[in-house]
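Below is one structure, written out as structure tokens; comments come after it.
Letters A, B, C and D mark the chains as written, and numbering starts fresh at 1 in each.
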């Protein structure tokens, strides 16, 4: 079994309405020292697989096809046995 | 300046509708070896602050007040200078 | 930067077009200027292939206050009120990124309505996807529907109607057309004009970033595998920002100091500034350093072409800039004075004290080349086979129960509840006839007894067989839909989706389609108040079926007279208005059951169409009808089922000999037909009126308490099992 | 009888609520801007539906920090009536005026339709014109209406008579099919211990005129009227 953590973030040039709104909210709550805030996704999953490289290639495939939207997002992952 | 990464996850005892839906989508695409998948948030932010402990206490406060809802979510963060 | 041939063609400009730019300027353009011309002279912004044809459309009429030319058409409904409406396509963006593509389409069309000073009160959409079973279609369908929902629900404009078709020709090139309707106090109407030398130009809304760069040029390019690399051209919408923009713009529309307003749609700052200046017969100077920016180090080129969403450009009377800016700030929006109106007819763009572009404003918006493209009747038309050549119908052993179940399970015919249930169709508390209850939605106008009926329609298979008649039918059916709730059709907004106009066969389809729309709009007295043209809808060289889409608005003087399509009471008598013919070519039945297309599209007699519509409307106004439902895809059998299931009643139909084949009796898609039901008390009066009008009609049966549909000895099915097949569309 | 209706940035049922309570129910009503720091004299404050701050992050999480919310909390703590509808319910949860939290609908989609809800207690300012067991037909329209709380909170809500409405079928049965969003025990509306704060996912302001499909929402506003 493998444990994967996937971090999905919006590409830099893509507008992040959520992040912008939260940043604005923090400002009005007197947290004015947050020059930048962006919101992405954090996905935790298990892969029932015995071979690391197979697990990894499956994870990549899933990231590209389903978990992230490569047109507007980037992804990154950690994969570990356990 | 400090860089913070905040990971917000639904508590274990709480059903994750979005994660369940994505898991279902993966299954229908023949990825049947994913016993568990949960979706959370990944927030990247900068804190314009010179002192680590002040940055950290501000980050905690923001996590508890607004970034997460302690009734249903847990949070965790990494904080580093840079 | 040197302007090379490669650079010119990368901007989708021909060498002749480039020469024309040089002639206008009397010099070589700067890179920024080249970019500005390239987007404004793109097909999407300049209508260079379609202009001559669009001029054919009827645009004036008794109720029309503003036809094409402004951001949206305006129709007078009395009491000092007017309706504003327009259709917009977001086909290519939705093919690349369905959620954001559809969402930003909704955002864009809403801004066209608010620039007129109107409050958006309804959204509709027309969707075309490829084969329902393919995973890609599922992905696109889900993404598009949730994008429309995500945006429309959040801004608080109800999505009250639409249509969804599945046809293989859209496999690579889905269509997403959205329509927005707004209401306006006529006295507050705003135009997209810049006037008065020295008046300040104000930028308002969201910040400018790199997203969606070159989207306008992108929208006019053929889609091919290369498009995957055009990724940054996809924009992300911020419906929250849009909601704030709606409120702020409405507030400012009521101020006397507002002179003009224009949304930054395709080609953002360039199109809005040059169009406003062009309309005011003047010029404008802009200082880009003052533009609220999201990304660091934006170049003038990027700022002039950026298609960041949720932005507006305004001109106010000098001295009122602070007041205007204050309104936007109150709503939490960015706003800044970025320039002023000039008398010299030039659009002058400064960046950090340097002039980066200076061009005649009108040359961008008005002087794009216009092409009279050659047209040629497509060869495929000669190869089409009529079903009468191919198969014989009415085989004794056909089980029409099975057939009906199959036709109902076609996703094109099936219930669209899983789609519209994702849309907030009630916000605003004006939606009096809800999705699924009738052929058109009905919105009440608070403070009056009036209502407006809205429908969007177009059958592209008919248009493939005969684009002229197909275009006519789109108008006729949209009008019929509006009539079926009890409203008088007043005006049209159209979305013209076709392939590559440089292909003479495609251009012929386009020409025929427009001429068909023209003739039907003239006959039904529903002028075209505006619309959209989307060309180059092709994937790897294969064009979609010609797909004109008609948005229709009708007025109802007293909404208490409204009628829906569901049968109401057992023992009501069912009539079929209009003529039923042996017309299975192009039908959904033929497609689903025999996997054939046929040769002819159904005939349309506009004279008869008008008579049938007027008769139905009069019957409704005399309050003689319990229900009315237009016959469309799936013909009589499907219409009967729909009236049964929405009214939760059965029907017993006895037609007897008609001379039609059994299949045609049940599934023919003959036009100009309406299914009505009449209570026993109203029967005499209704028949008397029908006789007096001398339109073809038939009494065909009765509404029953028992929950089943019986048609002669051909069909006898419990509604429950029919309903199961009909609910095949799942999201 | 006078209502105050709060407008947050992104509220979109504020005008509907205003029209409903004033033009249909005949009460006085006033809009309150979220940046205001003072509440006027009101008998009942409505936090309307919509997407305050786009519902970004979590529904209601940002609106809850609007300046006016401090006043609303004080008003509620002083026993004033506060009705949160849909997004307003979400704001009340985030502001901790009500216990629990909202999750995304079980089927992940936004859902707009008419549902039935059953009344559980009639001894509150919001239900005194209803009888226990009365069924109302009222529309819902939301993406995050899947109410959640832990077991002990649920017990307290139940024992305290704070669960005022739950989703049911036309006959009043609380079935899974009648639960549109996966809410814990079909919960559609809860009030606080003192019964002066109500959070309701369905939109009673959309069910005040027969031409819109149902008039059942009137019963809630009639209750408020007779309480005040």
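In this text, a residue touches a chain if its C-beta (ideal position, glycine included) is under 8 Å from a C-beta of that chain, and two chains touch if they have at least 3 such contacts.
Since we're looking at a predicted model, the values are computed, not measured.
The chains that touch chain A as well as chain B are D.
More inter-chain C-beta contacts link the pair C-D than the other of A-D and C-D.
Between chain A and chain C, the centres computed from C-alpha atoms are 36 Å apart. Mean C-alpha positions place chain B and chain C at a centre distance of 41 Å. Counting partner chains per residue, chain D shows two or more touched chains at residues 53-54, 56-57, 62, 65. Each of the following residues of chain C touches two or more other chains: 238-241, 332. With touch defined as above, residues shared between interfaces to two or more other chains in chain A number as follows: 17, 21-22, 25, 29, 39.
Within the complex formed with chain A, the residues of chain D that make contact are 53-54, 56-57, 62, 65. Partner chain D is touched in their complex by these residues of chain C: 146, 149-150, 153-156, 238-241, 243-244, 331-332, 420-429, 431-432, 434, 444, 446, 559, 731. By the touch rule above, chain A contacts chain D in their complex via residues 17-18, 21-22, 25, 28-29, 39. Across the interface of their complex, chain B is touched by residues 57-58, 61-62, 65, 94, 100-101, 103-108, 146, 148-150, 182 of chain D. Put simply, chain D touches chain C in their complex at residues 9-10, 12-13, 15-16, 19-20, 23, 49-51, 53-56, 109-113, 139, 141, 143, 203, 205-206, 208-209, 211-213.
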